[in-house]
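Before anything else, here is the set of structures, which you'll find just below.
First chain A sits with chain B, and in the next complex the same chain sits with chain C.
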Partner chain A sequence: MRLKRIAGTTLTLVALVTAAFLYNIHAVRGSDHQDSPTVVSRPRADVTDVYVFPSPTDPTKVVFIMNVDPLLTPAAAPNEILDPAVMYQFKITHGAVGTTAAEDQVIQVSAAGTTPAVQQVTVYGPAAPNSTGTNSTFVAASGSFAFNQSAGTTLGNGIKAFVGPRADPFFFDLFQFFKILPDRNFSNPRTGNTLGTATPTFNGFNAGDTSGGAAGSGGGGYACSTTASQNALTQAAPPGFDVLSIVLEVPKSLLTTGFSSQIIHVWATTSTTTGT
Partner chain B sequence: MKVSLVSLTIALAGTLALAGCGPTNGANIPGAGSTPTYQQMELLARPAVKEAMEQFVNHDATNRSSPYADPVLQGEILNFMTNVAGRSAGISNAVQGVLYPNEITVDLSQTGTAAYLGTETGGATAAFIPGSVNGKFGGRGLVDDVITIDLAAIFGNAIPSIITSIPDDHKENFCLTAQHVTLNQGGTQSQAAFPYVAAPH
Partner chain C sequence: MKGRSLGVWVIAAGALVALAAWPSLVSERIDQVRAASLPTMAPIEPDYKIRDAQIAFWEHAAALKHSGDMLSTRNLAGQYLQRYRERGDLGDVLRAEIAARRSLQTDPINNAGADDALSSALLTLHRFREARGYVRDAERWQHGNDALPAKEAGLDLEIGDYVGAKRLLETIPPSKYENPAVDTVRSRQLELTGHLREARQTLERATVAADSVIDGPAVSRAWFHFREGELAFAAGESEAAIGQEQLAVSMMPTYQPALNALARFYWSMQRWPEALAAARRSAAVVPFPETLGYEADAQRALGDPSGAERTVDMILAIERIGNAQHISDRLLAIYFSEHRLHTADAYAIAKHELIQRDDIYAEDTLAWAAAMDGRWDEARAQSRRALRFDTEDSRLQYHAGVIALHFGGRAQAKLRFQRALALNPQFHPVYAPDARAQLEKL
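Let's look at the complex of A and B:
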């Protein structure tokens, strides 16, 4: 219904209304669709997505990307910067699949300066953390560079780094998702853990449909379709949404030397001195 | 809709206000081991695990935990798979086993492209990622359709087909096993050269 209304407006209005709608329901923040009130209130500390992939241009390196600051419009993105009060952190542990070991290596990022023109970004590590768990202090710095220099800056330890606004690469059919799981819409929160509670929670699975049936037999009020969907989130122009990307192209040797396992497990955190 | 626009306006105004105060040079870069201590307020690893499977009220607890010591997520994954998706105990336990701890796993000894959940599944998820090579590197690439991979595990046959010791529970919902979104529309997801994420809109 909302989508139909939006489609009937001018392109500019589509952008504004979509942005407002998404922001208001707190529902689409990259793959991190809903977040706690604390995180929502500090969007520059709101991590939308994390990527780790082999460098397309240098086989000796691996790329770490942390995207923050969801739903930036093209007008807003050029004014955005990292939050100088926030420690951005990739945490890493080494070991077999399924390990529950604590982090044994961290890469941290901080920023100073409060305009895009003057902001300087500093990378710390990779190094062993000063302590494990949810409280952190900075490890040794590896170098600093200017904000939003798309050519990247190679630090003394070989890391090539960039921080600045980029197109949000996450793709997701939001409106299909809300048809399937309406309780994930912030305005219609789930109140219980199971089906059959007072608030409708789930339209996808029909308990009577146990046939494992063919496509088209779906249940529970969800219209089964295999029609290619135009993503209502980031790719659909205009205008598309942007995020702030922290891109670190890290020599694999920095992550493997001294460790018995070449399997790493990665997560991203943001932290402040107050936790808010 | 008015309320929505007001919310956005307030948010943007707040952002601009924040950008307009404080020091304007490169001072105040913290040094190694410097105090004070920073307290974690947000965590993200695998996409959409917390968001799809955990009740909203528990997000803050997960955000403030280490993924290997999360007090709620493990139970929430099992609860979601069993009671919401309606899958068997075998499939539900397998999904929980793969997704907890909630960390992106990468095998740096492998060559080829990234493939979300590829290390955990012996490269099986590469079948969902056009152009993927090997798949055992794992990690997450910019164009990996992570939502479809999740849907295939939650509502489809992915788990019994990968782990043959787990029987098909015949509770699939094939309508929900893919999101049918076209990848990399207009090149907005990835580019060949550093920094690999496309220029802003």
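Let's look at the complex of A and C:
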């Protein structure tokens, strides 16, 4: 059934922008977990990462992944579902590298049902959007499938789809990163509400020192350790954090037919009827 | 001719019926349109059932003490606070305070989440001024988050700085979409300053917004309906108030504030068996003196004086050993004053409470405690302060009436008693009938 509901203002725009040739991948720009107060209060609309890459098992297909709902603990993950009030959307534009054109094709996802056991997910498109920009409506549906079916479901148009909790593949040495940020470094400690008065400066790296030092120790000399945040963020209490993954393996023919360019640029959004 | 005349009459009668029915048809249509335009109510997720597991996860992560890890302690603080809201164990608030402070020690700057969590813990511990400092810190790091100045305004309301609260709320730009965090504080400000109807409208908008989001914790969803119930009761809509509290309890069966509110409403209406049942359910979660007071009164009304005595003993025990951080001070002072027990203690407690929290309810509590302890001049001064906004609260109005009558102010007393009963004719099982009796004499 085609949903007529208007999905209002875009809530989360892009976790990462990927320009993907249909055979190669280019340019990734970052990852965001809990990046604004609005999405902190609505984590299932919080896009953490977007991935687009050629299917490792089928050269005629491209894989689109949108991860939402960051920092799911092992206790929370089994109960999580997509938010039935959110439109999840991959926006695609075709053109040369560097294009800033609006989307000319969309793939949308919505969900119905309020527990993992009963939730049904519907995919819409790929199709030309009814309108471009932050207000969206659903395009024609291409099929529905049950939530969290590991084998995936192949829809009528050839898209193979999966939605469910998965381990968050993102890692980043957040804590070390904070130590070198000029506005957070420890050379400027505070007491209660009183902030330090020293001018914040970049502390720099000091290779070999991974101890981090105590808070307020004067800072300086923190080495970047790619394992520290991995330990803290994903191995603190095995099996670490999960996210909700929307995974679509899309036939390339659905992305190329009718377009002059073979290069796609992809970003992801989540939208609600209220924008909150 | 006769038949034609009859036809005219039939048509005329039909037109009259249609005209008479028109307003209700229009009203019904408006209600349907309004209901259709509201967001669908999101399902309730019983997240409180996994709270202990969530806390265990973050406790484990925090215990690893990874260098620079401000995240685990910050999230742990948030989880402790959430468990407090669900179960009322003040120990969780103290744990949250420690965890938030650890997070801030690790990452002192730009750590708005920890500042926010610490301010929430301090607010719960009634350390309002300290809490305000940490909210201001969080605002420094998170410009544009309207919930933070709203929270600061809420703290201003707690300490009686109504001008400051109004000024802060006015700095929040009218946004395209209403923010429940802002609306709840706006609603409280309107309620306290004598605008009950507008307060209810604002809160209702916030409730609809909160109910439309599946991510809202069950306890938060229940809170909005609990508050709606409180305001409905203040406006004299007792059955609507009970309905809201029952809805809150259906969202979270052990939600103590709603159970306590139910006990209070039934107690006020002298529906003693229901009052006793609700009070017992509420006290089983957290034995607040207020709740135990309803329980004791209900026991007495139902012919169980020895049971009532045992319950009163528990209130006294709580005064001695269970009033951690003194957060039940106001409730104890109210209970003692209303039952004319330990009136000197009640007065002393109310006086101390005013230092911590000089809002209109602290002023009213002190006014009534002073009156019951025979300190009528102070009672009059505090009652005037408490009613400087003419707050639409029957109890405040009644207290002012009794105090005015003591000084011979018959006209003022009559006005206050009438106002108390107009707001809610069943606002109190003893005071409402007394207001009626006094009015007959006046």
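Going forward, the second predicted complex is superposed on the first by the 190 of 276 C-alpha atoms of A that agree within 3 Å, B and C clash if a C-alpha of one lies under 4 Å from a C-alpha of the other, contacts with A are read in each partner's own complex, and residues count from 1 in each chain.
The rule is simple: contacts are C-beta pairs under 8 Å (C-beta built on N, C-alpha and C of every residue); 3 or more make two chains touch, one makes a residue touch a chain.
For clarity, every value in this text was computed on a predicted model and none was experimentally measured.
Undergrad: Identify the partner contact of A:Ala76: answer first if only chain B is touched, second if only chain C is, both if each is, neither if none is.
TA: A:Ala76 contacts both chain B and chain C.
Undergrad: Hey, is it chain B or chain C that touches more of chain A?
TA: B
Undergrad: Scan A:Ala167 for contacts with chain B and chain C and give back first, second, both or neither.
TA: A:Ala167 sits against chain B, while chain C stays out of touch.
Undergrad: Is A:Pro43 contacted by the first partner chain B, the second partner chain C, both or neither?
TA: both
Undergrad: Would you sort A:Thr114 into first (chain B), second (chain C), both or neither based on which partner it touches?
TA: So A:Thr114 meets both chain B and chain C here.
Undergrad: Please write out, lowest number first, the residues of chain A touched by both chain B and chain C across the two complexes.
TA: Overlap of chain B and chain C footprints on chain A: residues 37, 42-43, 74, 76, 79, 83-84, 114, 176, 181, 184, 186, 189-190, 193, 195, 210-213, 215-216, 222, 228, 231, 236-237, 273-276.
Undergrad: Residue numbers of chain A touching chain C in their complex, please.
TA: Against chain C, the touching part of chain A is residues 9, 37, 41-44, 71, 73-76, 79, 83-85, 114, 174-176, 178-179, 181, 183-186, 188-190, 192-193, 195-196, 200, 210-213, 215-216, 222, 228, 231-233, 236-237, 273-276.
Undergrad: Taking the complex as given, what residues does chain B use to touch chain A?
TA: Residue list for chain B touching chain A: 1, 3-5, 7-8, 11-12, 15-16, 18-45, 47-48, 50-52, 55-57, 59-60, 63-69, 79, 83-86, 97, 101-109, 111-114, 119-120, 137, 139-143, 145-147, 155, 157, 168, 170-176, 178-183, 185-186, 188-190, 192-201.
Undergrad: Give the list of chain C residues in touch with chain A in this complex.
TA: Within the complex, chain C touches chain A at residues 39-40, 42-43, 45, 47, 50, 53-54, 56-58, 60-61, 64, 66-72, 75, 104-111, 133-134, 136-137, 142, 145, 147, 176-179, 209, 212-216.
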